[in-house]
Each structure stands twice: as C-alpha cells, then as structure tokens.
Amino acid sequence: MIWDALTLQLGYNATLVTIGACFLGVAAGVTGTFLYLRKRALVSDAISHATLPGVGLAFMAMVALGGDGRNLPGLLFGSAVSAGLGLLCVNWLTRRTRLAEDAAIGAVLSVFFGFGIVLLTVIQNMSAGRAAGLEGFLLGSTAGMLWNDAMVIAGGGVLTLVLVMILRRPMSHVAFDPEFAASSGVNVARIDLAIMGLAMAVTVVGLKIVGLILIVAMLIIPPVTARFWTNRTDLMVLISGTCGGIAAWVGAALSASAPSLPTGPIIVLVSFAMFAVSLFLAPNRGVLAAILRHRRFQRRVHLRQGLLALAQGQPIYEAFTLRLLKRAGLALSDGVATEAGKARAAKALRDEKRWELVRADPLFESAAALYDGLREIETVLTGDQIDEIDNRIGGPKGVMS
Amino acid sequence: MSGVEFVPLSLTPLLIGVFSAVACALPGNFLLLRRQALIGDAISHVVLPGIVVAFLVTGVVTAWPTMIGAALASLVAVVMIEAVRRLGRIEPGAAMGLTFTAMFAGGVLLLEQSDTSGVHLDVEHALYGNLEALIWLDAVGWESLLDPVALAGLPDELLRIALTLVAVGVFLWVCWRPLKLSTFDEAFAQTLGMRTSWIGLALVVVAAIAAVAAFDAVGSIIVIAMFICPPAAARLMTNRLEIQITWSVVFAVLSAVLGYILAGYGPLWLGLDNAVSAAGMIATVSGLILAACALWAPCRMRSGAPAQ
Amino acid sequence: MTVELISDQGIAPDARHPEESPLAIRGMTVSYGQKPVVFSVDMTVQEGSMTAIIGPNGAGKSTLLKAALGIVTPLAGQAKVFGKPLRSQRHRIAYVPQRASVDWDFPTRVIDVVLMGLYRELGLLRRVRKTHLDKATSCLERVGMADFADRQIGQLSGGQQQRVFLARALAQGADLYLLDEPFAGVDAATEKAIIAVLKGLRADGKTVVAVHHDLATVHEYFDRVFLINTRKVAEGSVAEAFTPDALDRAYGGRLATAQMDRAAS
C-alpha cells in the first residue's frame, strides 16, 4: 500500500495531490531558504494565519453572488488578498511605529486569525446544516477532494516552483549580501517583496493540503535542515528544496495510503525527522561533531597553557591542566615537569616567541592571520622561514619537538 | 439588561474573559520588551499535543490532567527551542517556528490516531475555547453573589483563572526589579550576581502557566492576542514601564469586555440571530485598539537607536 | 635543552602576585567557537590606580573584562577580586557596559536607570525612599546630568547616555570600577566630564580599569596600561609599558609609526 502510494498508483486524485505537494515542497524549501537567510522566517507565520479572514470573506462573497462558496480558486484568491494585507500590516507596524518585528508578526497573526474565526462562526450560522467545510483550511484535508481542486493544487505547485526558479539568482544575491547586491544594481526592496510574495504563494497553494497552521513548517524546517550541511547559499537552496520535496512526497503518499494519517502533520513530521538527524549527525555543524571538537579544543588549550606555565616556572592553577599533563607524561603529580615535559615546554615557549615575531612583521601577514594561539608554527611557515625568525630571536637554534 | 438574565448567562464568561486577558497581558509586557513576543504564539500551539498526551495517559479530559499536560508541553517546547537555538546555532525565530509546528503536527496526528470520539476533544475547541458556555446556572440574579449555595455552583474555570491571575500578579510584584533590570541590561544584572537566565526562564514559565489556565477557558486564539496586542498598544502610549503595564491592563479589560459584548449582541443588532465566536471577537477588538494606538498614540515613534 | 635557557628570552615571568590586588586574573582563556579571543592572560591591577586596557579591534579587551566579571564563561583561568572569589566581592565592583549593548528604547527614565545601581540596598521589595532618590540625584549631579532625571533614556545623546551609565556605577558605591569603552562615540564635553569623575574616584583611593582605544589620550588619562592582543603584551606604568616596541607587538605592525610615536611620546 505504502509502496503503491510512493509510486503514484493510488488513483488520479492522490497522484495529482502527491505531485502537487512535491512541487510545492520544493518551492517552499527554496523560498524558505531566502526567508531564513533574511532572518524573517516567522513572517511566514503571520502570512499563513492572515489567510483565514480572506477564506471566510471569499466564501461569503461567492455565496452572496449566488455561486458555490466552496470554489477553491475563489477561496485561494481571497486568502491571498488577506495574506497580502497582513504582510502590509507587519511592514507598516515595524516601519512606522517603535514595535519590533516579532511583536508586529504576533499582533497581525493573532488579530487576523481571531477575525477569521469570527467570520467562520458567522458562516456556520448562515449555512446551518450545510457545513461549509472551511475548517479544513485550518489543518488541511485532502480527503474527498475534487479532481478540479487537485488540478489547482498541482498547477499551483508547478507555477510557484517555476517562479522560484526564475527569481533564484537575484534572491540569492540579496540573501547573501544585500549591500553588495544593491550596489550592483539589484533592487533589494523589490526582491524582498518577491520573496514575501513567493512565501505567500506557497502558503496559499498549500492551504488545502497542509492547512494554515502547519504550512509554516514547510517554509522553515527544510532551510534549517539544509543549514547544517553547507555554508554556501546555492548549495543550501538546493538541499533545502530537495528536503522539502522529499518530505512533501513521502508525507502526501503516506497519508494517501492509510486512514487517520492527515497529510499536513505527516509532511511536517517527516521534515522534522530529517532536521533531527541533521542536528545531531551533520559532519560540521552537528551537535555530536561540535561536542567532540570542543572537548578536543579544550584539552589542547589546557595542555598548551600547562606547558607554558612549566616553561616559565609558574605554578599550574587548574587541576584539569595538571591531570592532562600527567596523562601525557609531561609532568608529575606535584606539577614538576618530566624530561619530555621540559622539552615540550621549551618548544612551546619558543613557538610563542616565534609567533610574536611573525605577528609583528607585516611580511608574514598571511601567516599571522592563521594565528589562533594553538597552531604549530611548522604548519604555516617553511623551515627556512623559521630559521630566519630564529636568527632574529637569537639564542639556540633548531628547537623542534 | 436585568440581573436575572445577566448574572447567570454573562457575568461569569465576562469575568473569565477579563481575568484571562489580564493574566496573559501582564507577562506579555516583559516578553514584548525582551523581543520574545512570539513565545506566546509557540506556547499556545504546543498546548494541543500536551492535552492529547494527557488524555492518552489518563483517559479522561478533566481539568487537572489537561492543564498539567499543557504545562509540561510548554516547558518541553521552551527547552527544545533553547536547545535547537544553542546546539544548532539557529536564529531564535526559526528555532521557535520549527519547534511549535513539529509539536503541533505531532498533536494532530496523535489525535487522529487515537479514539477520541467519546470525549469532547478537538482542534477547533482548542483554538476557539468555549467562553460562551461557561455560564452560572445556579444564579438567579445579583443576589446570588451573596448566596453560598449558588456560589458553589460557579464554573471551576473562574476560580482557576482568578488564582492564576493572582499568582501572575504576585510574581511580577516580587520580581519586578530583577525582571526590569535584566530585561534592560543583562550584563549589568549579571555583575550584581543575578542569575539572568533563571529570571528569563521563570518569566516564560509564568507566561506558560497563564497561557494554559486561560487556554482551558477561552482557547488559544485569545491567548496569543492578549500576550501581544495590549502590551504593544500600551508601549505606544507611554515611555515608562510602570505606566505601560497599567495601560496594558486597561486595554486587556477593554478588549475582553467589548469583544464579549460585540460577539454576543453585535449580530443581534445587525439582524442576525446567532452570536459569533467571543474568543475571535476579543482578539479582533484588541487588534483594533492596537491599530488606533499605532495611528494616534503619543509615543508611537521610536526615540532611541535600537540595540545593535 | 633546558628551561632556564629559554626563560631569559624576553618573556619575563610575572613577578608580583599581591594577594590583595583589586583584580587579579590568572591563566584566563576565553574562546568563541574554536578561536581563542583571550589566551592564557595574567593581569594584576594595582590598588588606587587608573589602568587602561589597550589593544587592536578584536584583541579581547572587552572579553577579558567580561570573563573577569563572570559575564562570559572562560575556558580556563580564574579571577580574584581583592584576593577573594568574585562571588563574595560583587558588592565592591561597579561595571559600566558598552553603551551599544542595551536597547535605549526601553521605557524608563534616567533616574530609574541610576536607581538600578542601588539594587543591593533596595532588594526585591523595599520602597524607594527620599534618601535613595537623593543619592541617585547626587550621582547624576556628579556627571552633570541632574537636569535630565525625568527624561526618557531614548531622548538622550550618546554622550549623555554614557554619563547616565557612569552615574549608575557611582550609585553602586564600589571600590573597583570596570568600564567598557567609556569614551566610545561620546562628545568632547562628555569625555572631559567622565575623566574628571574617574580622577576624582582615584583621588578617593578607588581603583579604575577601563577598556580604551584612543592611544593619544593614554598619557593624559591613565597611570597604568595593560596591552593585549589575545595574549598579554605588556603591563605596567605608562612610562615602562606604553612603549613603541610594546605597541608594535600589540598592534602587529599595523599601526602607522607616526601615530605610535605621537602616542608614546
């Protein structure tokens, strides 16, 4: 069953929704990366909650005009308008008042959402008995979806993805270095607007599948996941889009394969699982790697400080330092250096002096930039250069460990 | 309107609405100044998984398991946001959005997977609450306020939210100076020996308690709105924290009272026969107050340079 | 190769370890991520002195101060205040953070900020009495800001903000004053006012340590210097430690010679 779903063999509607969700996931991952890099990830929260009154008003307007209130394109149009209005409110509050962006986001999302709820209760009263089913927009629901709706979602997913691909390059420039982008003729304000517009498009298209509360996750989690694997903007966009696409594909397929597996939450949880794995296991920024690196680093610092103290005949203040020296066979329990310890200490002190000269001499500027207090001088200078520095220091030559 | 109708049907919902609004607005002032306004948003979302898990563990949807579950969930969320932020070096907004959406998704999935058909537990209830239903059936008029038998029939929610409000008030009163100092100048507070991270955590925990108690009665939508809108509007009215707090209480009370009345009687005035969601209307009114302050309040513009 | 051979190569072991020094830092290392900003630094502040901590940008000046105060956690090392652990001596320290480290849009008045310096006396719940207000006002007078007591802090200029911070430190009534870049971005009048207050403190036997970045005023303002560039470069009286050679080592040759001559002359 699950295999059938993953390979798109569960009927037209399920297939269309899965494909649409996948395109949407890629578009969300890519757009979300730019939001994240511009440090505005939570603006998407305001956008998504602000869609609700639009859905309600569009429904009422369509009913008042004698049409079918549940017409999906109509509802999505309404949600886009009110999301845009919410976005304008956030911008206006941040720019024209002293409120910070987080307060503006929170205010807009709660008030728009509250007003949306008021409209939903009005609609419930209007169409008593014939439930409008607008609650489906809160958490998304793909059950009982019409073929037309599935087409709208698939089409919307494709369209959003195409737009993202077209605007990819200027958005990368702005996200990476807005000032440089501005100086090279990119209109930063307009690109920011485009990023917001795309986030809005993703939200609106995703409303029916994942619902307005969880669509935020599709814009936030994939970029955060991608951040663990790379430091480059272009790669991050690629990884984030892939993660978003996979999560949406797997989520939509899983949910089509069995009852009681709502699409939105499954997509979010698949996405979150990928994040959790990255958080702990990513090679550079992962938690495990960071812990190991920090402990190694701390030991190096303590060892180095201990050696310098030995070389200068100073007492060793910290028990941890002494323990490390002892374990390395460089000192005895009472803090007296062993022969090996004396040699290493001498070398450490010598390196200190060499580094000091290297850092003071503009000739060695590129080497000095690598200075971090621990690096062995042999790793940045050639033997000849070290000899030259030793000449300047005077005293014995050829001190090597 | 006579006491015979007002006291049993409207007095308790109104009081519960007012107490909830004030209990959330008070800590909201500090969250706003600490740029943590959206903590309220995160907490109100993770309440759902908390009550679902509490239901799955205890098998009942009664007040205490629900509230404890919700409180634990908010604590888990706060710890998780901090952990993601620090361990993953992720900016706070993204860490927050990631945490609460994932937990909310887990809650919805658990809810769908478990058999909750026999109990009143659904997502919409969690969002809107049921303020209108918290009526005082034993009351027959104003005189019931002096009648011990009738008083015993007051909704439990009223007592709980009243106690919560007192607790929040006492916390702010006792910790006023450390809160203010560590919010304004954390480094300086640390040189005085203050554990600023504990103060920050205590504030968030108090906010979570207020959110959970209010959520129990009025649903999460008011909770988010009251954490942010009254304090934000109050900030635009004055440049002194003491006065800001006062304004935020005034705005919270105003939102709750006006919102409740508009939701209950507004539709009747417009010729509709059914009331609309009180929770949604209270949030809407608080938004209108904020909008008015953003347009006309005396201190709406920034005077100092923002922190770097 | 023996150790004795090495120790006369210019790095003199720190000779004095007075037990009662207002601030004694030993083996302090602080790193942000994998890069040490302060490495194995020893510092001994002399009582009743005015010491400038000097070094290029990113040399760890502020970090050293923050580590000594426990605001950042060091990787290794310890700080003692008046010969005792920091925790028991906090009441004898006053701290002036960098002006840019706080949000000046915070809704509070000048007098309220100065009253924060009296937190030890006021505690959680004690009422603010006239004596407290008088004390705070007199501190504002000492920095020439008494007329601004009721202003919102966001309405002050940079120099005025810095003076309010100094007034708050004065209100703490400490024996050791630690200031992080007190002269950064302030007007000439403020700089004069601040240095007058600091010299007054020294005259009263207090100890002052300030992170400083203007080499031209070191001679005029301070009597001791501490040069740092991740490592300690030099420490001592201005005459013995503030030398062209030491500056050259601290600034890694990136300082124009003319500037250095002027500074060290």
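Chains: A, B and C, in written order; residue numbering restarts at 1 for each.
In this text, contacts are C-beta pairs under 8 Å (C-beta built on N, C-alpha and C of every residue); 3 or more make two chains touch, one makes a residue touch a chain.
These numbers were taken from a predicted model, which means no experiment stands behind them.
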Of all the chains shown, whose C-alpha centre falls nearest the centre of every protein C-alpha atom combined? A
Using C-alpha centres only, name the chain that sits farthest from subunit B. C
For this structure, I'd like the pair of chains sharing the most C-beta contacts. A-B
Could you state the distance in Å from the CA-based centre of subunit A to that of subunit C? 38
So, what's the distance in Å between the C-alpha centres of subunit B and subunit A? 29
Starting from the mean Cα coordinates of subunit B and subunit C, work out the distance between those two points in Å. 43
Could you list the positions in subunit B whose residues touch two or more of the other chains? 235, 302-303, 306
Could you tell me which residues belong to subunit C and also touch two or more other chains? 105
Indicate the residues of subunit A shared as contacts by at least two other chains. 98
Can you tell me which positions in subunit A touch subunit B when the two form their complex? 36, 39-42, 44-45, 92-93, 96-100, 102-103, 105-107, 109-118, 120-122, 125, 135, 138-139, 213-214, 216-217, 220-221, 223-224, 227-228, 260-262, 264-266, 268-269, 272, 275, 279, 285, 287, 290
Would you pull the subunit B residues touching subunit A in the complex into a rising list? 32, 35-38, 40-41, 45, 84, 87-91, 93-98, 101-102, 104-106, 108-109, 112-113, 123-124, 127-128, 221-222, 224-225, 227-229, 232, 235-236, 263, 267, 272-277, 279-284, 286-287, 290, 294, 299-303, 306
Going by the contact rule set out above, which residues of subunit B touch subunit C in the complex? 33, 173-178, 180-181, 183-185, 187-188, 190-193, 235, 238-241, 244, 302-308
Name, in rising order, each residue of subunit C that touches subunit A in their complex. 1-3, 5-7, 9-11, 13-14, 26-27, 29, 31, 34-36, 39-40, 75-78, 105, 229-231, 248-249, 252-254
Provide the residue numbers of subunit C that touch subunit B in the complex, in ascending order. 66, 69-71, 87, 90, 93, 95, 97, 100-109, 112-113, 116, 119-120, 122-125, 152-156, 168
